[in-house]
Structure formats: C-alpha cells, structure tokens
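Each of the next two complexes has chain A plus one more chain, namely chain B in the first and chain C in the second.
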Partner chain A sequence: MTALYGFRGGIAGLPSNKEGSTSQPIQPLVIPQRLYLPIDPGVELLIKPGKRVLAGEVLTDSNATKAAVWHAPVAGRFVEIVDHPAAHPSGRSDPAMVLEPDGSADQVEFSETGWTDLSVERLIAIVESAGITGMGGAGFPTWLKLGVAESGRLSTLIINGVECEPEISCDDMLIREQADRVVVATAKLAALLQVETAYIAVEDDSPQAMAALRAAKAGHYTEGVPVGGVELVELPTRYPSGSEKQLIENLLGKQVPKNGLPADLGVLCLNVATLCAIEDAVMKGQPLTTRVVTVSGEAVARPQNRWALFGTPVADLIESCGGLTAKAENLVMGGPMMGFALASPQTPVIKTTNCILAQNRPPLDKRQPLMPCIRCGDCVDVCPAGLLPQQLYWFAKSGEHDKAQRHNLFDCIECGACAYVCPSQLPLVHHYRAAKSEIRGQQAQRIKADIARERMLARDERLARREQEAAERRLLKRGGRKAGTADPEAKKAVTGETRPAMSDEVATAMDRAKQLQQQADADETRASIESTGESVDSTEPGQGANRENGE
Partner chain B sequence: MVAVVILVALAMVIGGVLGLAAVRFRVESDPLADKIDKVLPQTQCGQCGFPGCRPYATAISAGEADINQCPPGGQATIDELAELLGVESKPLNPENGAESERPTVAWIDEAICIGCTKCIQACPVDAIVGANKLMHTVIADECTGCDLCVEPCPVDCIYMLPVDELAGGWQWPQPQADTRSTNNAAVETAGNGQ
Partner chain C sequence: MSATLQSSPHLHGNASVTRVMYTVLLALVPVVAAYIWLWGSQVLWLLLWAGGTALVAEAAVLVLRKLPLKVFLRDGSALVTALLLALCLPPTAPPWVVVVGVLFAIVVAKHLYGGLGYNLFNPAMAGYLVVLVAFPAQLSLWPVPDPQPYSAEISLTSDSTTMATPLDKLRTNRLQGKSTAEAMTASPLFGVFPNGVTAMLALAWAAGGLLLLVTGTIHWRIPLAVLLGLGLFSGLAGWLNPVGHAGALFHLFSGGTMAAAFFIATDPVSAATTPRGQIIYGLGIGLLIYLIRAWGGYPDGVAFAVLLMNICAPLIDYFTVPRAYGE
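Coming up: the complex of A and B.
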C-alpha cells in the first residue's frame, strides 16, 4: 500500500450525488439528427460542405495552429458550416461543421499498430493524428504531454481516476466496466515510456472501481502482461484530490513548481478516459470521436452515464436520458464546482465534456442575497493552493492587478472550494477568473504595443534614411551642374542652415554688390535732383535679388 | 580641534568617493518621455494631434500637451499617466475622439484593391504589404487599428473590423450584483432581489 503525503486544504464530505448516475451501466450511443463539430480558429477544412464523409474520416488540418484534429464521428453528409453556440463560458456562437448521420456503419479503414514494436515517437504521432486531448477537464493536447517522454525526463506515470467533483462519475463508470483494459494499457504505456513507477489512483468513495481494478490486476484478463508494476492507490475522498497538482502532491509529496508543469518533476499525469483513447488509437487505430458523459442534476429524469458522439447537442443528450422533469434553471457543462453555465441547450458535447448538469438552482454568480466579506478566513483553510482567497477577492474586485499577482493569483487552480465554503455566497472564483483574463489581456496588449513601437521606430528610421539619400542625390545632381566648388554651401542650404559660410569668390562678389548698391543709393538721392542715374542700376539686375537673399 | 579635522577629512574623502562613483557608475536614467511612451498604447493613430505616440509623449513631458488626448488608450491610460505625472486625472478630451468599445483591425477587400500603395505609405507600423499595381493586404497581428489607412484609399476598400474575441482573448466578465464593502450594500442587493 502506497503511503500518501496528503495535500493542503480541500473539503472533505461534499455531497457527492453520484448514486443516481452510477446505479446503471454506461448507456449506449444515441445518434442525434445533427452533429455540430466546432471549427477552431485558423484551422483548415479538408472536406467541402455537401460531401459525404465516413466514420473516422479526418475533417480538419490543424498543422498551423496545433489544435487537435476533428474526425467524423459517424458516416453521413457534411451539410454546411453554421454559427452555433460554442461549448465556452462566453456563450458566443462560433462556426461549426454540421454533420447529418445517414445511419450507415461505413467507416474508413483503421490501421492498428499494437503496443509491441511501438516507439515513443510513433506513439506521439498516433496520438496526434487521433486528435487526443486531455479528457479530464483542461483539454491539454496529449501528444504535447507525451513529448516530455522523448526528452527522457520521465520517472512517474499517474493515471488519474480520481473524480473528486460531486455529480461526475464518468471515469468511475469507465473503470468499473473496462478495468482490465485500463490496467493493461497502463502497464504497456509505463513499459514503453520506461517510467520507474506507474499509479492508477481512484477515490475511496468508489469501492466498485477499486475492486474492479484489483480483480483486473490479479485476474485472467491480464495473463501474460506484466502488470505487477502498476500500483493501485485509493485516496481518501476530499475535494479537489483529483486536480493534477494536488494528486501529484498527494502521491509523491512534491509540489509542481510555480509556473511549471508536472513534467518538471518527471511526472506524466493522464486521465483514465484519455488513457483509453490512447489505447483505442494504438490497438485499433481508432480516432477519438466518442466519450462517456455523466448527465445528472435535480432536473434530469434519469441521471446516468452515457456514451456520446462529439458534436451531440446537449438537448439531445438530455432527451435520451428521459428529458427534464422541470425547467432547469441552470444548465452546466462540467461539474458543480468548476463547470460553466451554458447559454444554449444546443451546445455540442466536445472532448472535455465530462458532465452535463441540469440544476434547479441558479448559478453561483447569480445567487442572492450576497453578503459582504467578513474576513472569516474559511476560504484560506480550504484553499488547496495555499493562497489567501479573501485578499485576492478584494484585489480582483478593485482591479488592483499588481497586488493580486503578488498574492499569486495565477497559482489559483479555480477549484471553487473557497466559493463553496464562503458564508456570504460570494462568487469568488468568478472574480479571480475575471481578473486573470483581464491581466492576460493587458499583457497581450503590452506585448503588442512594444512590437508596434519597434515597428514605428524602424519605419521612422527608414523614412529618414530615404530622405537623406534623396537629398544626397539631389546634391550630386546640383553639384554636377555647378562644377564642384558650389558643393559645400549647397549642402548647407539643403540642410537648412540660414547663413551659409561664404567662399572667397562669393565674398568678393557680395562686396562688389554692396558697393554697387551703395552707389545706386547715392545715385538715387542724386536722381531725385538730376533724374539721370537709373542707367547704372539697370546694368546689374541680379544685384537686387542678391541683397534680398543676404538679409 | 582634532575631531573637527578628522570629520572634515572624512567628509572630503567620502565626498570624493561618492562623487567619483556618481560619475563612474552612472545609471542611464529613464527620461520622462520614455516613461510616458511606455504607458501610451502605441496605436500611432495621431488622434492626439501629434504624429505618433512618441511625439505625444515628448509633448506631454515638455508640458505642451495635456494627458487626456489619447482615445485608443482611453480612461485607463489617462489614469496611468495622471499617476505617473502626479497630476489629477481627467476625462478624455472629446475633441480628440471617443474611446472605442472594442479594438479593431484593418481589412482590405482584395477584390477591389487597385494596388495604389497609398495605404502602405499611410501605415505607421508597416503592417500593410503589397506593391505597385499588385494587391495589398494587412498583417492583422501587426495592425494597431489606427484608421490611418482608411482615408487615403481611393476605392474605399479598407474596412475596420472588430478584433475577433477568440483570437484577442475572451475575457470573463466581472460578476455583477456584488456587494460593496459596506454593510449597507448587502441591504441594497437584498432589495434588488425582492
């Protein structure tokens, strides 16, 4: 039995509400009328609307963006591209591919590889082309995570079956039904990545899952496979023990460094469903197109776990679970602690959708009455990241981003434990999220401003250089005409000097002009008497102009 | 007497060392205009009446311009400038334009573009590429949304489009209906709930 190190904070004894959804096996797929697959920005479509696609056919090419590729979940017609509500907290509509299943079982031919003779590079390529991203919550691209294995820094593999959030039971049910597969895949992956230890962790509120894993490890299913190295760990039920950082701290007694990744500790942490997806991709060549979703909440007629195709509208999914008993006040994607409210029931299921909740109570940030923060400190006690949520709350609310960052706002894992225990019902996590995204926006703006400043300076420099070059060219031309000697003062005239230094020749010419001028003035005075002196002036018409220039 | 001599000698030695250090290890101080320039959004739009953010920053530092002439920066920039310069913040001068709700980026309708290069010359950050009689296009990532290319276009094929929220980073909204730090606020929100 592995000794646990525990982790800071957390809440024990949350009402788990998993009895409903775990009382029956995972229900089979129901194919909806239409599937809506989101098109990530910058992604290229490989199929034109109007074409027929086979199940498993690659629809997008995302080499440019590093987003996961999408495959057609079933055979059907790619009808059109429409703006459809996105599975995103903003509730906005984004372009989505509309797929109309035609009911046939036609699929592209999958090429299996198998675990034997598999290299790490090959595995990474398989995972990437199968479009596998983390299915536990954040949706981090799994092939990037596996990339650490290539650099040889890996020592521990953790398969995360700890479903600490209330209501969600999809991973639990997946382990119960496919425990042998989970154990074997863990052993094979551990052998391939050459890690020292491999853990499969589950929470002690699901003894069935643990029993299934134990049976699988000991049982005849795994004959011939060296599964002895896989350690099964049961964690005491305490939210958020399934969070990656907390799980690592609990198992290994080490904390993921600030701004770091588990890879810095030599740890690779994968969700159970992600592991199964990798296994499917390796053993059957099958891309990721389905997942288990928990449909739960007070307003759902028959809470259950169900296989769902990506792109299935939430409304169809709820319908296949007996529909709603009452009008749900709050439709949530994800769990009650970390999920977000859906703006539309037409929102499709995506790779990270582990749970759909239909609740009778309003979302946390709309609950009344809100009371002021009384600085009771309950949130400090439960914060698993060791932060001061009440301080962060003040800073986030008043826009004091500097102070919020100094209080390590970005180490907040947004688990919602602080908001749950808050006696004033403050939507604390919403404040942190808002502050975080504001800070990120400002940082992005600052970077953009710096680039703009640089480009502006570069342009100014270029324009100045060009001007100078043009001026020099002009001078050369003029200099050619004036045969060299006039060059220096012509240059000064261009650069705008008001009093050009005179060469000897010019100086004498000026002197002569002055003398003539004086003579002319004298003549004028005489002319007023004699009116004959004009002839002297008219012989030198350039003199007057010269004088004007000089003054 | 001895004490006075020692103290004077000490003062001279220390003074000398300090004086030397001041010359020798001189830190190139950040002039005021640089600091102001850092605060400005670098849109280079010229709405302030100066040809770019740097000239405006120089003008502010020389006391020739007010701090409320930058519409792209909006109130946030004015507040920051006020704090930097130690003066009272004020609302944006409406003569310089209105603060825009969302950032924009220029987009050229390439089917209409005749390749006159006028917009390329107008762009303060060289964010438009193209050549004479060839189609032009905007490098959206480099565009500051300054509008300066719109006016010179002889065929009006440049549009200012709002920056895509997803690309520009969608921001979580601040939760509304929150209490203020006083006890009265709780009563107010309770009243709102009814």
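Coming up: the complex of A and C.
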C-alpha cells in the first residue's frame, strides 16, 4: 500500500452525480452527418477541400507549430472550410474542416511497431505522428511531455485515472472496461522509460475501476507479464485530487516548483485515456481520432459514456444519448467545476473533451443574489494553490494588477474550489480569469510599445545621422569654397567634378576640408580672443560653419 | 441557452452569508439564556430595542443607498451587530443608550464605510465604544443578579441593586494603590476565577463560540490566538509579580474576553484574513486587552483592543501572504 501525503486545500464531499453515466457500459460510436475538425492557427492543410479522405489520413501538417496533427476520423469527403463554433471558453468561431462521412470502412494502412525493440526516440515520433495530446485536462502535446524521458531525469511515471470532478466518468469506465490494457501499457511504458516507480491512481469512489485494475494486475502477474512494478493507488475522494500538481503532491509529498514542470521532479504524468491512445499508436499504428465522452447533466435523457469521433457536434452526441428532456440552460464542455459553457450546441468534440454537461438550472446569479465578500476565508482553506482568493478577488475587481501578481494570481489553477464554497456566491474564477487576460494583454501591449519605442529611437538616430551627413556635406562645400581660394585642388574635389565615385573622393576631400577649416578657425579664434578677450571653442567644424554663416 | 456564457464552476455549495449570520444569532442563545437566568427577562426588551433599531436603520440606509432592501435586510448582519452590541451592555441599560449605540454602529461604522463586507471597524464595537465614552455611568452599573451565585457578594456592594464587575474592582483597587493580592484576600469576590456571575457569562459566550467552531462558522485561529495572547501575557505578569497582577484564569474568565475571542474578533470583515495574519491579529488583541486592563484608563479593554487591531488588519494581511504551491 502506497502511503499518501495528501495535498493542500481541496473539497471533500462534492456531489458526484456519476451513478447515471456509470450504470451502463461505454456506448458505441455513432457517426454523425458532418464532422468539424478545428484548424489550429499556423497549421497547413495537406488535403484540398473537395477531396475524398480515408479514415486515419493525415489532414494537417503542424511542423511550424506545436499543434497536434489531425487525422480523418472516418472515410469521407473533405467538403469545405467554414467558420464554426470552437471548443473554446470565449465562444468564438474558428475555421474548421468539414468532413462528410461516406459510410465506407476504407482506411489508410496502419503500421504497427509494438513495444519490443521500441526506443524512446521512436516512441516520441510515433506519438507525435498519431497526434496525441493530453486527454485529461489542458491538452498539452504528449510527445513534448515524453521529451523529458530522453534527458534521463525521469524517475516516476504516474497514470492519472483520478476523475475528481463530479459528473465525469469516462476515465473510470475506460479503466473498468480496459483494465488489462491499462496495466500492461503502464508496465511496458515504465520499462521503456526506465522509471523507478509507476503508479496508476484512481479515486476511492470508483471501487469497480480499482477492482478491475487489481484483477488485471494479478492476472498478468501470474501469466508472467512483468506488471509487478506497477503500483495501484486509491486516493480518497477529494477535489481536485486529479489535478496533475495535486496528484504529484499527494503521491510523492513534493510540490512541482513554481513556474516549473513535473519533469523537474522527474515525474511524467499521463491521463489514462492518453496512455490508451499511446498504446493504440504503438500496437496498431492507429492515430488518435476518437475518445470516450461522458454525457451527463439533469437535462440529458440518458446520461452515459460514449465513444465519439473528434469533430462530432455536441448536439449529435446528445441526440445519440436520447436527447434533452429539459431546456439546456447551460451547456458545458468539461466538468461542472472547470468546464466552460458552450455558445453553440454545434461545437465539436475535440481531444480534451471528456464530458458534455447539460444543466437545466438557470445561472447562479439568477438563482441567488450575489452578496459582497465578507472575507470569511473559506476560500483560503480550500485553495489547493495556497492562495488568498478573497484578496485576489479585491485586487482583480479593482484592477490592482501589481498586487494581484504579488498575491500569485498566476498560480491559480482555476479549479473553482473557492467559488464553490463562497457564501456570497461570487464568480471568483471569472474575476481571476478576467484579470489574468487583462494583465497578459497589458504585457503584450508593453512588448509592442517597447518594439515601437526601439523603432522610433532607430528612426530618430537614422534621421540624425542623415542630418549630420547633410551638414557635413554642406560643410564640405563651404570648406571647399573657402579652401578654394587657397587650394584649387580641394575645390575641384568638393564641387562634384568627380561625382560618380563620390564616396572615396568625398572622404579625402572632407579630411582636407576639415584641416583647412580647423586652421581657419584657429586663426579666427586667435583674432577674436585678441579683439574681445572671449574664449570660443571652435574645434567643432559645424560651429565654424555656423559662424561663417553668421558673418 | 443563455445569452451570456456562464463562468465555471457550474456547481455551487449551499453556503450563504445569510446562513452564516443566522448561525451566529443561534450561537447567542446560551448568552441570552444566561442573561435571563441571572437578571430575568428584562434583557429581552434590550434586545428588542437593539434589533428593532438596527432593522429600521439598515432599511433606511439601504433605501438611501438604493440597495436591494429585501436581500440585505434579510441577510441577518444588522441583527448580529445589534445583538452583539446589546449583550455587551448591562441588562438594565436604558433603551436610548442601546438605540444610540446601534444607530452609530449601523449608520456610521457599517454603512458610511461601504456596508456589509466593506467596514474597516467592527460595527458592534464601534457602537459600543461610542456609548461607553458618552454614557459611562449607565454602562458601569451592573445589577445584582436575581438568584445570587455568591451570597457574600451582596454585602460588599454599598448599593443593594447594582454591583461593580470584578474588572472594575481590580481597577479601583489599583487606583487606590492597593495590591491585587490585597484586594483578593479582602474580597471573596476574587479567587483564581472572577466572581460567579462573570464566569458564568464567560462560559455562556464560550459555549456559543464552540457552536460557531463546530458548525465551521468561525475558524479556530483567531479565538485561540486571542485567548492565548491574553492568557500568556496575564499569566506571565501574574507569575513575575503575583502581588500586583491578577492571573491568567482571572483575565480569561472576566469581562468581555470570551465574547471578544469567539464573536467579536472573529468578525471576518474587519479581521485579518490570512492564516498567519489571523494568529498575529488574535495575539495582538489578547495583548492589548491585557495592557489596557492592567495599565489603561478603562476596566476592560476588549473594544479598544479589537478596534486597534482592526486598523492593523490590512497591514498584517499584506505582510503575511502565504506561500503558494511550489514556491
């Protein structure tokens, strides 16, 4: 039994609401009429609209960006590119590829590799070409995460099956149904990455998942598959124990350094669905085009988990779950704590879409009046990031950005624990998000302004240089004129008789003119001192010229 | 589908400010019961005056400030302020004293500073101080309890209907140049504990405080720090100079110590809000209470101590920002 260290803050006893969606197995795919695959900014399309694509065909090339490649989930026609509601908290629309499935099972040839003879380098390449990104949370590119394995710093592998948010049960169900695969893949990956410890962590509110894992481990152990090193850990149900940083703190008793990565502790943490995607890519050569999504919420007729193709509009997904029984006042992608409200039910399922939630409750502020913050500090007790949410609220609200940053605003993981316990029903996370984006905007502005200032300075310098050159040229002319009386050669040089080869000629002429000027000035100075007793500094040729002008 | 997108979390617990306030009111039941047992039901009139004034004043200011009457009148915060203030007064205090105190608390200390959540000072203590300074005579006379816990006490008081509190006695003795030990041996009023009436009230406040702790309405940090601060400094002084100073137990169970520790200092709006800050804040109140009682011009220093630390709260918060995850 692994000893747990616990983690700071958090909430025990959130209403889990997972009974509905876990009461039946994961439902099979339903192929919608149209799929909408988002085109990440900067990526290049490899296929022209109008062409037919096979299942698994690569659609985008993202060499220039860190974005994952997209593959055609099924065979069909790439119809067009449209602006489509994006799976993004802003509710904006972004360009998307429209794919019309044609019902055929045609697919590209997948080349399997297998775990034996696999190098870390090769694994990273496979994961990248399969387009695998984190499927539990923020969708960080998995091949970049695996990159730390090459540095040899890796000591711990954590497979995250901790679904701490209410309603979501897709990872739970995946483990229940594919525990064998999860355990074996964990063991193989751990062996490949040469880590010292490998954990599979689940919450104790999912005893079936744990039982399945135990059975799988025992079964393979007796069969001789080396899964003995995989430690199965059951965590007490406490939100947000599935958050990467909190999970690491809980298991290892160490905190990921501020502004650092789990890799700084030698930890690689992968979501259980991500692990399965890696396994698919390695064992079958299959790219990531589908995932399990929990469809839940009081407005959904039959809450359940379903396999869904990326690009499936949320409306189609809900329809395949029996549709809505009530008006969806609030349609959420993700869980009730950290998910974001959707502007349109046409928004497609993407790689990070673990849950679709249809709530029929009106917005919180319409149900209960917002009260002022009374600084009760309940939010401090639950904040897993160790922040002072009540103080951040004041600073965010009043635009005191420097104070907000001093109070570590950017360490907020937006888990929503503070807002959940707030007796004043304040939308705290909303304020933090707004303040963060304002600060980021200002920083971007500052960088822009800095660039503009540099440009301005460069321009001023250039103009000054040009001015000086012009002045020197003028000086040269006058010097030449003056010198002309004494030296006809110099005059010839500066009056432009040798214009085609200006640069060299000008340089020598200028030297000569300067000497003459200095001599003249010296004479003049002597004269003026003699006459007025005033000391005039006349080493600067320009001054001499000016004085000459004045005469 | 709502026009504006809702922000996460899309789930909310059932905590509410109103619930917090009504829990505090509920926690005052032991105190009111003790008052009634000691002095009869006259305290209820006092509470009625206080509560009525508070609600009327609150409503009037809300109307003037164009704030939602229903929401803020029902939140219970005005009643909490009023009842806390009233329960700092002798049960025989004239109604107009209560009315003046509550008016100042609600109109000036609460709403002129911005209302619920914005007041710099604890409104109940601000109101109490105004009447304490303005009407010292009405506030220093506590009636002799109806069923007397100590029969000996009555012979000590020249007036058969009112008596001085133990803290009053202590101060009078100090001013007369008598030592504490002298005063204690000369009077059965004093022991290690203050007299029965005061100790009983203190226990009633502590019982209410326990309810607040158990229900999670208040956190243990501030009450513990206040009691620790006062206990530590009075204990130290009593140990260093047993002749000149009453001990820790005497101070912990007399005057407004328990009320301050559990009900007054824990007012979240005017208290320090960081975990470490709350400890410093509580210790500061404890120390100040002791300093005022031992050397100040007033027998009890609870209200002054709380208001002084209210002033320090923002500064304390600023210098006690906790370590963030990974720092």
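Going forward, the second predicted complex is superposed on the first by the 446 of 551 C-alpha atoms of A that agree within 3 Å, B and C clash if a C-alpha of one lies under 4 Å from a C-alpha of the other, contacts with A are read in each partner's own complex, and residues count from 1 in each chain.
Here is the rule we go by: a contact is a pair of C-beta atoms (placed from the backbone, for glycine too) under 8 Å apart; a residue touches a chain by one contact, two chains touch by 3 or more.
The structure displayed is predicted, hence computed values, not measured ones.
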Partner chain(s) touched by A:407 [first = chain B, second = chain C, both, neither]: second
Which of chain B and chain C A:371 touches, first, second, both or neither: both
Which superposed partner A:339 touches (first chain B, second chain C, both, neither): second
Touched partner set for A:458, first chain B, second chain C, both or neither: first
Which of chain B and chain C A:430 touches, first, second, both or neither: both
Residue contacts with chain A in the superposition, chain B compared against chain C: C
Touching partner for A:416 - first (chain B), second (chain C), both, neither: second
Which superposed partner A:445 touches (first chain B, second chain C, both, neither): first
Touched partner set for A:476, first chain B, second chain C, both or neither: neither
Shared chain A surface residues [contacts with chain B and with chain C]: 89, 368-369, 371-373, 424, 427, 430, 433
Chain A residues touching chain C - in the complex, by the definition given at the top: 8, 11, 14-15, 89, 91, 166, 245, 249, 255-260, 328-332, 334, 336-343, 345, 357, 359, 362-364, 368-369, 371-378, 380-381, 384-388, 390-391, 406-408, 411, 414, 416, 419-425, 427, 429-430, 433
Footprint of chain B on chain A - complex, ascending: 41, 88-90, 92, 94, 365-366, 368-373, 394, 397, 424, 426-427, 430-431, 433-434, 436-438, 440-441, 444-445, 448-453, 455-460
In the complex, chain C residues that touch chain A: 1-2, 5-13, 15-17, 19-20, 68, 71, 75, 115-118, 219, 268-269, 271, 273-275, 278, 317, 321-327
Contact footprint of chain A on chain B as seen in their complex: 37, 40-44, 52-54, 124-127, 142, 144, 164-175, 177-183, 185-186, 189-190, 192-193
